[in-house]
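Next come two complexes built around chain A: one with chain B, the other with chain C.
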Partner chain A sequence: MTSRRRALTMAVALAALAAVPLAAAALNQPFYLDLFRRIMIFAIAAVSLDIILGYGGMVSLGHAAYLGIGAYAVAIPALHGLHSAWLQWPLAMALSGLAALVIGAVSLRTSGVYFIMITLAFAQMLYYVGISIEPWGGDDGMRLPGRSRLGGPLDLGDPHVFYYVVLAILAVLLLAGERVIHARFGTVIRAVKSNEARLQAIGVASFRYKLAVFVLAGAVCGLAGALLANQTEYLTPSYMHWTRSGDIMVMVILGGMGTLAGPVLGAAAFLLLENVLSAWTVHWQAILGPLLVLVVLYARGGLWSLVPGGGARDG
Partner chain B sequence: MTGLLVVEQLLNGLQLGVMLFLVAAGLTLVFGIMNLVNLAHGSLYMVGAYFAVAFLGWTGSFAAAVVLALLATLAVGMLVEVVALRTLYERDHLDQVLATFGLILFFNEAVAIVWGRAALFASVPPALGGFVELLPGLRYPVYRAVIILVGLAVALLLYVVVSRTRLGMLIRAGASNRTMVAALGVNIRLLYTIVFGFGAALAGLGGLMAGPIYTVQPGMGEELLIEVLVVIVIGGIGSIRGALVGAVVVGMVDTLGRAFLKPMLATVVSPAAADSAGPALASMLIYILMAAVLYFRPQGLFPAARS
Partner chain C sequence: MAEPLLAVRGLRKHFGGLVATDGVDLEVAEGETLAVIGPNGAGKTTLIGQLSGDLRPDAGTIRFAGADVTALPAFARSHRGLARSFQITSIFREFSTLDNVALAVQAHAGHSFRFWRPARAEAALREPARAVLEQVGLGGRGDVAAGTLAHGEQRQLEIAMALATRPRLLLLDEPVAGMGLDESVRMVQLLRALRGGHTLVLVEHDMDVVFALADRISVMVYGRVIATGSPEAIRANPEVRRAYLGEEVSA
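After this line comes the complex of A and B, so read on.
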C-alpha cells in the first residue's frame, strides 16, 4: 500500500483516539478515558517491541523489563521529592536504554531460541531484584507519591490533559517510527531480518545496528513505563513479570507485526478483550489462552491485515 | 559446625538441581528432537503436583498417588501434543512461544477453576518423614534425600534409554534427520507423541515430589520454568548431559547464594546494606552465571550436535 494511504489511515485512527474523551463525556462514562489511555500506553510499548520484533526479527520475550525500569525511574525520584517529568521521563528512557544495552550486548551474541530464553531470563532477573528491594516497595509495590509534573498548564492530575499528553507521545512515536524505518538505519534493520549473512557480506557491521535498535526500543518502552506508573499511580515489580512481556508480544502479533499501526490496534484489541472477558467471568484467562492458540494457528496476518488499506507489511 | 552447614546446603543445592533436571530433561529433549520451544512445560510440572495431591486425597496411598499422577500427567502431555503442539513443529519459534504462552494461561486458570487459587498443602508421606544421620551431627530430611536419589536414578535411566535402547536410537535418529527416519518406515508422529508424553511425565514427577517442599499453587510452574531455561541455556539446548550438569550447577549456585551471600556480604559492608543487597544479589546470581557462560560459549557448555 502506498505511504499516502497509510498516512491517511493513521491520521483517521489518531483522530478517532482524539475523539474518545468527547465520547466518554457524552456517554458520561469517564471509565473509557482511563481504559483508552491505558491502551495508548501499552500501544507505545507494543510499537517499541514491534520495531525490534517485526522489523528486526529479534524475538525478545523480556520487553516488560523496560516497562518496569521506566516505572521505577518515576517512582524513586518522586519518593525523594523530585516530581519534574523533565527529570523523570528522560531518566526512564536513559536507564531502560542502558539496561537494553547490557542485555542486548549479551543476548545479541546469540540467536534463535537462545535469544528468546536469554531475554526472558534477564527480564525475570530484574523482576526478582525488584521483589527483593524492600525500600522500594519490594513484593507489594508502593503508591506513587504523585504524578509527574510537566509544568505550566499541563497538569497530569487532570485526566483529559494526561490523555492528550499520552496521545501526543504516541503520535510523535508513530511519525518518528515511519521516518526511521524508511531511513537508511531502518533499511539495515529490515535487512537484518531478511538476510543477515548477506548484509555482513556487503560490509555492514550488523551487530552495531542490532544493538542500536535494541537500545532504542528499550528506551521507548521505558517511556511507556513512566507513563504507566503515572496511569496507575502505583509501582509494582509485576510490571516486569514475564507474563507482561508475553502480553505485549501478543498485542504485536494480534495487531500485525512488521507494521506501525498493527501494534496500536493489537493493544486496543487485547485490552478491550481483557476488559470484556473479565467482566464476564473471573476465569477469563481460560478463554484468552485457547483463543491465543487459535490465533497463532489460523490467523497469521493480524488484525491490521483485515483493515481496508492495511494490507501487507510495510517493509 | 559451619562445615556441616555447608554440607547441608550443598545437599539442598543438589536436591534443587535434580528437581530442575527432571523438568529440564523433557524440555531439552522436545527442543532437540522436535525443534519446539515449549514454554508450557512448566505447566505440566504444576499439573503433576496437583494430580498427586488430588489422588492422595482420593486413594489415601502415597504410592498409588505417585503412579496415578505420573500416568495422568503422561496422558495430559500426549493430549496437548496431539491437540495443539503437533501443528507447531514446522512453525517458527515466535509462533511456538505465543501458542505455548496461551497454553500456560489456560492451564493456570483451569487449575484455579478445579482446585481454587489458594495454595494447597501437600504433606510428606509418613514413611518418608523424619531425618537420616548422614554424617555424625548431620541430620538430613529423609524426603529430600529420597528426591536426590530418585533424580539421580532417573538421570541414569534416561542415559541408558537414550544411548542403549532401540527407542533411544530412534530418538537420536529423529533428532538428526526426521525425513530419513520416516522414510525407513518409522511412525515419526507416534514417536514424537511418545517422547513428548515421557517429557511431560518427567516434569510431572518433579512436580509431585516438589509438592510437599514448595507450595502447590497456580503459576508454580513458571517460577521453575525460568530457572529451567537458564539451566538448558547453560548446558546447551538439546543436550541431556548439558541439562544434568547445568541443573546441578544452577541448583548449587542458587541455594548457596541464598544461604551464604548475605552473611558473607555482612563481613565486607555494613549489616544493614548486606540485608538489602544480599537477597537482591542472590536472586541475580544464576542469571549472571548464565551471562558469563554465554559470553565464553554462546552455544552452552555441551552443545548438542545438530545437522
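After this line comes the complex of A and C, so read on.
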C-alpha cells in the first residue's frame, strides 16, 4: 500500500482513539476511558517491541523488563517526594535504555533460540531483583504515592487529560516510527532481518545498528512503563514477569509484525478480549490461544492485514 | 615490482578433521582476472569466504592493497575495496531491486545513524544505484521486489550490489551457477565488460566461462593450489589434466 493510504488509515485510527472519551461520556461508561488508556499504553510497548522484532528480526522475550524499569523510575522518585514527570519520564527512558544497552551488548552476540533465552533470562533476573527489594514493595508491590506531575493544566489526576497525554505520546511515536523506519537507519534495521550476512558483505557494521535500535526500543518501552505505573497507580515486579513479555509479543503477532499500526491493533484486540472473556471465565486465555493459532495460520500479516486499506508491510 | 593488489600466504583452514584450505599462496595483480578452478570440494568457496572476511583462517596472512587484512571482519574489508558475490544468491529479497543496490551505496556513503529523511528520497543514494543497475542490465527492473526476479536477474543483482560499493577487487563465487544458456552468455558479456576496469577473482565450474575471461588460472585440489598459469599453460599441464580436466571430460 502507498505511504499516503497508510498515513490516512493511521489518521483515521488516531481520530477514533481521540473520540473514545466522548463516546465513553455519551454512554456513561467511564470505564472505557480507563480501558482504552491501558490499551494505548500497551500499544506503545508493543510498537517498541515490534521495531526490534518485526522490523529487525530480533526475537526478544524480555521486553517487559523495560516496562518494569520504567514503572520503578516513577515510583522510587515519588517515594522520595519527587513527582515531576519531567524528571521521572526521562529517567524511565534513560534507565531502561541503559538496561537495554547492557542486555543488548551481551545478547546480540547470539542469535536464534539463544537470543530468546538470554533476553528472557535477563528479564527474569530483574524480576527477581524487584521481588527481593522490600523497601520498594518487594513481592507484593506498593501503591504509587501519587501520579506524575506534568505541571500547568496537565493534571494526570484528570482521567481525560491523562488519556490525551497518552494518545499524544502514541501519535508522536507512530509518526516518528514512520520516519525512522524509512530513513537510512530503519533501512539498515530492515536489512538486518532480511539478510545480515549480505549487509556485512556490502560494508555495514550491523552490530552497532542492532544495539542502537535495541536501546531505542528499550527506552520507548520504559516510557510505556512510566505511563503504566501512573495508569494502575501501583508498582509491582510482575510488570517484568516473562509472561508479560509474552503478552506484549502476542499483541505484536496478533496485530501484525513489521507494521506500526499492527501492534496498536493487537494491543486493542488482546486487552478487549481479555476484558470481555475474563468476565465469563478466568480461563480466558484458553480462548485467546486458539484464536492466536488461527491468526498465525490464516492471517500471516496479523489482524492489520485484514483491515481494508491496512495490509501490506512497510517493506 | 610493485606489490600485488592481493597477496595470500600460507592460508590454512580446517573444519574438524577436514582440511579445506591447505597452505594456499595466491597473488593477484591490479587489473588482472584470476580464475580459481577445481573439482567439487576442492575448497574454492572456503577460500573466497576467507578472502572476503566471512571466515577466519586458522593460519596464514592476507594482504590487500598494501595492508594486512587477515584479522578484519567482512564489513571492514568492504571499506578497503573488497567486494564479493555469493554462490548461493544472497540479496534482500523483500526489498526492491533498486533498494538493494541503494543500500550498498548507502553502506559506503557515511554512517547510517540518520533517522528522519527517507532514504528513498536521497538522490545521492538513488542515482549511483540506478547507474549500476543500468550497467548490469537491470535498468528496467528497479521497482520489482528482488525476490521475484528471475534467477539470472538475481545473479546480475548480486554483481550490481558488489559494484555499487566501488570495489578495487571483486570476488565472484560461481557467477553463472544454475543459469540457462542465454543468461550465462549475458553474464559473461557483463563480466567481460568489467574486466577492463576491475580486478576480478573468479571461482567457476564452467570451463568455457573460465577460458573466456581469465588472464591466469589457479587450479585447486583438496585445498591446495596445484598449478597456476596462463589458460594455455593450464590446458597443457599434465598434472591438471589428470586431477581435474580429465575428470570433466570423462564425466
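Throughout what follows, the second predicted complex is superposed on the first by the 306 of 315 C-alpha atoms of A that agree within 3 Å, B and C clash if a C-alpha of one lies under 4 Å from a C-alpha of the other, contacts with A are read in each partner's own complex, and residues count from 1 in each chain.
Here is the rule we go by: a contact is a pair of C-beta atoms (placed from the backbone, for glycine too) under 8 Å apart; a residue touches a chain by one contact, two chains touch by 3 or more.
None of the values given here were measured: they were computed from a predicted structure.
Engineer: Once the structures are superposed on A, label A:V296 by its partner contacts, choosing first (chain B), second (chain C), both or neither.
Structural biologist: The answer is first: A:V296 touches chain B but not chain C.
Engineer: Once the shared chain is lined up, is A:L61 touching chain B (first), chain C (second), both, or neither of them?
Structural biologist: It touches chain B, and chain C stays clear.
Engineer: Identify the partner contact of A:G112: answer first if only chain B is touched, second if only chain C is, both if each is, neither if none is.
Structural biologist: It touches chain B, and chain C stays clear.
Engineer: Which of the two partners, first being chain B and second being chain C, lies in contact with A:M249: first, second, both, or neither?
Structural biologist: Once the two structures are laid over each other on A, A:M249 reaches chain B alone.
Engineer: For A:S194, select first, second, both or neither according to whether it touches chain B, chain C, the two together, or no partner.
Structural biologist: A:S194 contacts chain C only, not chain B.
Engineer: Now for A:V129: first (chain B), second (chain C), both, or neither, which partner does it touch?
Structural biologist: Once the two structures are laid over each other on A, A:V129 reaches chain B alone.
Engineer: For A:Y72, select first, second, both or neither according to whether it touches chain B, chain C, the two together, or no partner.
Structural biologist: So A:Y72 meets neither chain B nor chain C here.
Engineer: For the complex, which residues does chain C have touching chain A?
Structural biologist: Result: residues 52, 54, 73-76, 78-79, 83-84, 86, 90-95, 99, 103-104, 106-108, 112-120, 122, 145, 161-162, 164-165 of chain C touch chain A.
Engineer: Which residues of chain A touch chain B once you look at their complex with the stated criterion?
Structural biologist: Against chain B, chain A makes touches at 53, 59, 61, 106-107, 109-110, 112-114, 116-118, 120-122, 124-125, 128-129, 131-135, 242-243, 246, 249-250, 253, 283-286, 288-293, 295-297.
Engineer: Applying the document's contact rule, which stretches of chain B touch chain A when the two form their complex?
Structural biologist: Interface residues on chain B, with respect to chain A: 31, 37, 84, 87-88, 91, 93-95, 97-99, 101-110, 112-113, 222, 226, 229-230, 232-233, 237, 276, 279-280, 282-284, 287, 290-291, 294-295, 298-299.
Engineer: What residues of chain A sit close enough to touch chain C in their complex?
Structural biologist: By the definition above, chain A touches chain C via 179-180, 182-188, 190-191, 194-195, 197-206, 209, 212, 313, 315.
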